[in-house]
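The structure under discussion is supplied below as structure tokens; questions concerning it will follow.
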Amino acid sequence: MVFQKNHVVETKKYGQMTDLTPWVQLAVEESQLKNGIVNIFNVGSTACIGTIEFEPGLMEDLPEQLSRLFPPGRHYAHEQTWHDGNGHSHLQATLMGPEITVPFKDKKLVLGVWQQIFHLECDIKPRKRDIVITVMGE
Amino acid sequence: MVFQKNHVVETKKYGQMTDLTPWVQLAVEESQLKNGIVNIFNVGSTACIGTIEFEPGLMEDLPEQLSRLFPPGRHYAHEQTWHDGNGHSHLQATLMGPEITVPFKDKKLVLGVWQQIFHLECDIKPRKRDIVITVMGE
Amino acid sequence: MVFQKNHVVETKKYGQMTDLTPWVQLAVEESQLKNGIVNIFNVGSTACIGTIEFEPGLMEDLPEQLSRLFPPGRHYAHEQTWHDGNGHSHLQATLMGPEITVPFKDKKLVLGVWQQIFHLECDIKPRKRDIVITVMGE
């Protein structure tokens, strides 16, 4: 009834997007469950998970527009404590959220043709990211 | 343990909001499950799901304020590729997210009195939307 | 397979953040389930749930930056109807979302070391908040 696995993404820079859809679909198949939901969760507070049409234009737009909402250069109280220059990374990741829950039916993710599951690196340096995929159903 | 159904919403225009609460409550009752969670997921990358006090004022405010965060007229890289004029629709939908997961107890959704589950059309033309409702519990 | 409990948070003011992590971890332990997911849901439409590095700087930054996206003073249609001065509260809470779903493994929440589950009060007066914690797994 519960199948859980980790998937690692090694990111190289701020704003890098990764398509997780094939890995999530694989986990659904490995679970041998037929119908249910799958939760995809980023461990850590400076990256996020969501769905998008995964094409080069939006891979540029999303990080750029999030940087307009919460820009790198702004004065954040987080910086006063840590001086690590990633206050905006935390805020962007919290706004977007660390997880998404997607239904599957007959062992297939129910997504639109132009809808993929992505990971977005909001931190300012390369990171090794643990993503927990939890498949639940019957 | 898993009950899954589709609900179709035919939207007419950008910014249209639909109250999904009665349909989600109906799915919970049809599932004959007593306690658990229900996931409501929009198939496609230019509409979103959330909760709100579903009243005329906020039905005007939410699309308007999202249009301020990611305005229709801005230069988006998505447009360079597709020229379909809906870069902002993708970004608004991704920011808000395509799904929500709500608990139910004694066969009833646990929501505030002024808290409803909504669908918001972010695309710029009428769309037929598939919404997948997955009820899980015991 | 399903364990559900309520947790009450009494908030004192707009922008107050509360760390829910210990209460969610406790619910996972009480459930006696080993692996699965836990959904944390705020009942009501003017507060939100998410994850963040729970430190004093970001506790200041998050409410402040959300107040820049949807400021208290702006003209909202919600105000025309209700005159209760909390249009921005509704919009901030809807943008952030009322819930989060987090995996657990071997009876422990799978979170980063600097990643906690928070509740944020977006309303302009003290509120008694019901938070529903639903643990599902095996």
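Odds and ends about this structure:
Chains: A, B and C, in written order; residue numbering restarts at 1 for each.
By our rule, contacts are C-beta pairs under 8 Å (C-beta built on N, C-alpha and C of every residue); 3 or more make two chains touch, one makes a residue touch a chain.
It should be emphasised that the depicted structure is a prediction, and the values quoted were computed from it without experimental measurement.
Taken pairwise by the contact criterion, the protein chains are fully connected, each one touching every other.
In summary, the pair subunit B and subunit C forms a contact in which the copies contribute largely different residue numbers, shared numbers making up under half of all those used. If you average the CA atoms of subunit B and of subunit C, the two centres end up 19 Å from each other.
Shared contact sites, meaning residues of subunit C that touch two or more other chains, fall at 1, 69, 95, 97, 101, 136.
Residues 1, 35-37, 50-53, 55-58, 60-62, 64-65, 69, 95-97, 100-103, 105, 110-112, 114-115, 136-138 of subunit A are the ones that touch subunit B when the two sit in their complex.
On subunit A, the positions that touch subunit C within their shared complex are 1-2, 4, 39, 41, 43-45, 69-70, 76-82, 87, 90-91, 94-95, 97-99, 101, 132, 134, 136.
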